[in-house]
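In what follows, structures are represented as structure tokens.
Both complexes below contain chain A, partnered by chain B and then by chain C.
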Partner chain A sequence: MYIDIGEYLFRVDKAPNIVINNLKLMYDDAFSGFSHSPADFSVSLSHDSLLRRFVKPQVTFYLGNNSPFKPLPASQSYPVMEWGMNWCIAATDFNRLIVHAAVLVKNNKAIIFPATPGSGKSTLSAYFALSGWKLYSDEMAIIDLDTLKVMPLFRPVCLKNQSISLVKEWFPQSIFTGIAKDTQKGDVAHLKINNFAEFKTFSPVDVVAIVFPKYQKNTKTEPYMINKSTGFEKLAANSFNYNILGRKGFDGIQRLIEKTQQVEINYNDLSDVDNLLTSEFTL
Partner chain B sequence: MNKQKTYNYIESLIFHNEIPIIVLKEWEIIIHVLREINLLAACYFRLEAEDKLTLLPLFALKHMKSAAVYSSRQSEQVIFESKLLQKILDDKDIHAVFLKGASYTLRKSRNSKGRVYSDIDLLVKKNDISKAETSLEKHAWRTKKVSEYDNNYYREWSHEIPPMFNIHRGTVLDLHHNILLPISGREVNVELLIENCQSIDGGYTVLGFAATILHSIVHLIINEDVSNGYRDILDITTLIKENDSPEFWQEITLLSSKLGFNNELYLALSLSKKYANLTVPNNVLMGLSEQINNSKLNFLLNYVYFFALQPHSPAVQTLKHKIAISIVYILGHLQKMPLKILVPHLLTKSFFSIRDQIFGKHHFDK
Partner chain C sequence: MTKYRIKPSVFLYYPSDHIGVVGFDEDSHETFFINLNSSSLKKLLVHTLFDLPMLKESFECEQVTAKEILNKLLIYKIINEDL
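Entry: the complex of A and B
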């Protein structure tokens, strides 16, 4: 089976049925039995010992023959598959700058939301994506180092803990996987945003801003411009491959910082953030 | 593509820089195998040197290029660490010799382009080991925690101490006092090796070319783990081609006689001929043949090593490869240890391996 996420093609050699079913649900037509294109990665998810198939079952993620993570409980199979796919990209693609961030697009302009602690990145991704923005990624911004455009990825949003019920409450029609309990990130469920057909109309776009949101309980939504050197530092710190790219990565981040604005936003209401960004960047 | 065909394409790509004429979809398997055996970046630089990158489909080029970026970063890191290590040990008057991957990078030999490393290997005299360990500890290097069994194994029987790592950068360092296990009974006269050292740009000391190649050969053949065997043969053939001269052949045969590695040299040269069509002067192989047990070695060569060293990837491996790898596993151990130590060692290892098969690999991790 193949998963086409736009920039990358995965070949799935083996996975438990529950994973296959969730892949069908999350990736619809992008998950198919055949592909004319060569796959970038061949991955599998398997039980690694006979006993472990029955007693406290565990699964291991493989890229080819190599397993980057320790085995995890089989109840977490689907998140392990998604995280494994993230790992494949982050560990092998040094042609582009990759930032741990959500990317949302409106009016053909992209805003990058780096995954700083407490940013509520995934909740924000889900809210925005279900309120008229295009989701380019919930987890990683893939930035072309020549054009500085950000590429769309066809992936679900990974929601954790209370965010799951919040999003279900806000958008009762939304499509979720089941909840995997007690993972290293707490309770986790994946949320489908686009159909593959819609996604195929997305193309690489320019970035207008790097936004560092900060959720605070009792606060008015307020933006603060941050200076360029802080912006550089924070973006580099959230990049998966900045330290590998060397000079090219440094130049790329510098050019990106020069041509975008960097804003910190304290918020407690996502619709305020939506309105603020829409008017600020004429989206 | 069947396994044999896949293997043939990989062999001509790696050793002869021949780009396979295949449909785009078939590149999938080629790229995945190259990634598994850590040779994507090496392919990139080898094809670049022959101006052949433009002949690659974009799919293959992008994966090779990405791996090349990573390996270039690693060689910068090796040069950086080597500079610091050299200073730390120099300050304590410890003479350190850079071995294997780090030495290829420091001397800028052709095989260093695109090579990936797991660690930096250093050789110091045995009575300098603990001084070296202490001064490295003062500079943020720590000994990796290994099981008590493994720690005893290293300290009592091995030619190196447990790996050290830098607490800031995670770089791994292997500190050796010999190139072979003392217990193998084939411990090398380190003085003789150090005599064969050369000083290179940057003030580093590395083994001379013949000794470097012989070390690479010994490390490949006297080893139970040949998962990087294909890469090692590429190292060996590339290094030899770079230094091919009558003097070189004289030097390496002389050194291998002195150190007692004629069998290993014969095997590695024959393998290089088989995979890479390496030209070995007739008198060299004939000279070696006179000093070794030909029929036994030729059997090992044709039925064991020839298969065991081929890419460790399900896309090319068949049952005969797996059997060959198991034979090498036992042979490698046998060469390293006398039976009275080997048997308990393998029993302990297989106890842990069977335990892990039942409970899962990380069940007993702390």
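Entry: the complex of A and C
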């Protein structure tokens, strides 16, 4: 089976049924038995031994014959597959700048939200994506270093802990996988945003702002412009491959910083952030 | 008078808001962030070789401050002594 996430094509050689069923649910027509082109990554998820199939069952993620992670409990199979797919991209694409960030688009203008601690990135992604924005990624911004455009990825949103019930409450019709309990990130569930037909209408777009959100209880939503060298530092720190890209990465971030605005936002209400960004960047 | 020059492997980014300078050393792949007035540093580094009085003039500062800035540039390995 193949998963077409836009920029990359995965071939799933083997996976437990629960993973296959969740892949069908999350990726609909992007998960199919046929592809016109060769896959970028051949992945599988399997039990390492017969014993581990029955006693405290575990699964291991493989890229080809290599396993980048230790085995994890089988109850976490689906998150392990998603995290493995993230790893494949972050560890092997050295042509584009990859930033640990969410990317949301409105009126063909992208805003990058780097995953700084306390940002509430995935909750924000889910809220915005279910409120009229286009979700280009919940996990990584893929930036072309020649055009500086950000590329769309067809992936679900990974929600954790209280965010799961919060999003279910806000958007009762939303489509979730089951909850994987006690993972390294706590309780985790994946949320489907678009269907593949909608996603195929997305194209690379220009970035207008890099926004560093910070969730704070009982605070008024306030934006603060940050200086460009701080913006550079924070963006580079959140990049998976900046150090590997060398001069190309340095020049790319420099150009990106110059053509965008960098803003910190303290918030406790996502609708305020939506309104603020929409008016600030005339989205 | 000791002369200094920018290391050929170092590339600098002078942000348009003139706050701080970001440097990248292509040899070591290190990135550094320096809290200096970027316009003044840019003015200084148009010269292939410079000395302390030239630095003092570019930054329009006292001798003590000029020495501090010089040390900072040496510590970050942006410049070398011209031997």
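In the analysis below, the second predicted complex is superposed on the first by the 283 of 283 C-alpha atoms of A that agree within 3 Å, B and C clash if a C-alpha of one lies under 4 Å from a C-alpha of the other, contacts with A are read in each partner's own complex, and residues count from 1 in each chain.
We adopt the following convention: contacts are C-beta pairs under 8 Å (C-beta built on N, C-alpha and C of every residue); 3 or more make two chains touch, one makes a residue touch a chain.
The structure presented is a predicted model; accordingly, all values stated were derived computationally and were not measured.
For chain A, the partner that touches more of its residues is B, with chain B and chain C as the two candidates.
Contacts of A:Q254 after superposition: chain C is touched, whereas chain B is not reached.
In the superposition on chain A, no contact is made by A:S279 with either chain B or chain C. In the overlay built on the shared chain, the residue A:N17 is in contact with neither chain B nor chain C. Contacts of A:F94 after superposition: chain B is touched, whereas chain C is not reached. By the touch criterion stated above, A:T201 is placed in contact with neither chain B nor chain C. By the touch criterion stated above, A:G246 is placed in contact with chain B and with chain C alike.
According to the touch criterion, the shared surface of chain A, contacted by chain B in one complex and chain C in the other, consists of residues 243, 246.
Note for the complex: chain C touches chain A at residues 11, 13, 15-17, 19-22, 24, 26, 29, 31, 33.
Contact residues of chain A toward chain B in the complex are 11, 36-42, 48-52, 58, 64-66, 70-71, 92-95, 243-246, 248. Those residues of chain B whose C-beta lies close enough to touch chain A in the complex are 24-28, 31-32, 35-36, 59, 62-63, 65-67, 69-70, 72-73, 76, 312-314, 356-362, 365.
Residues 227-230, 232-233, 236, 242-243, 246-247, 250-251, 254, 257-258 of chain A touch chain C in their complex.
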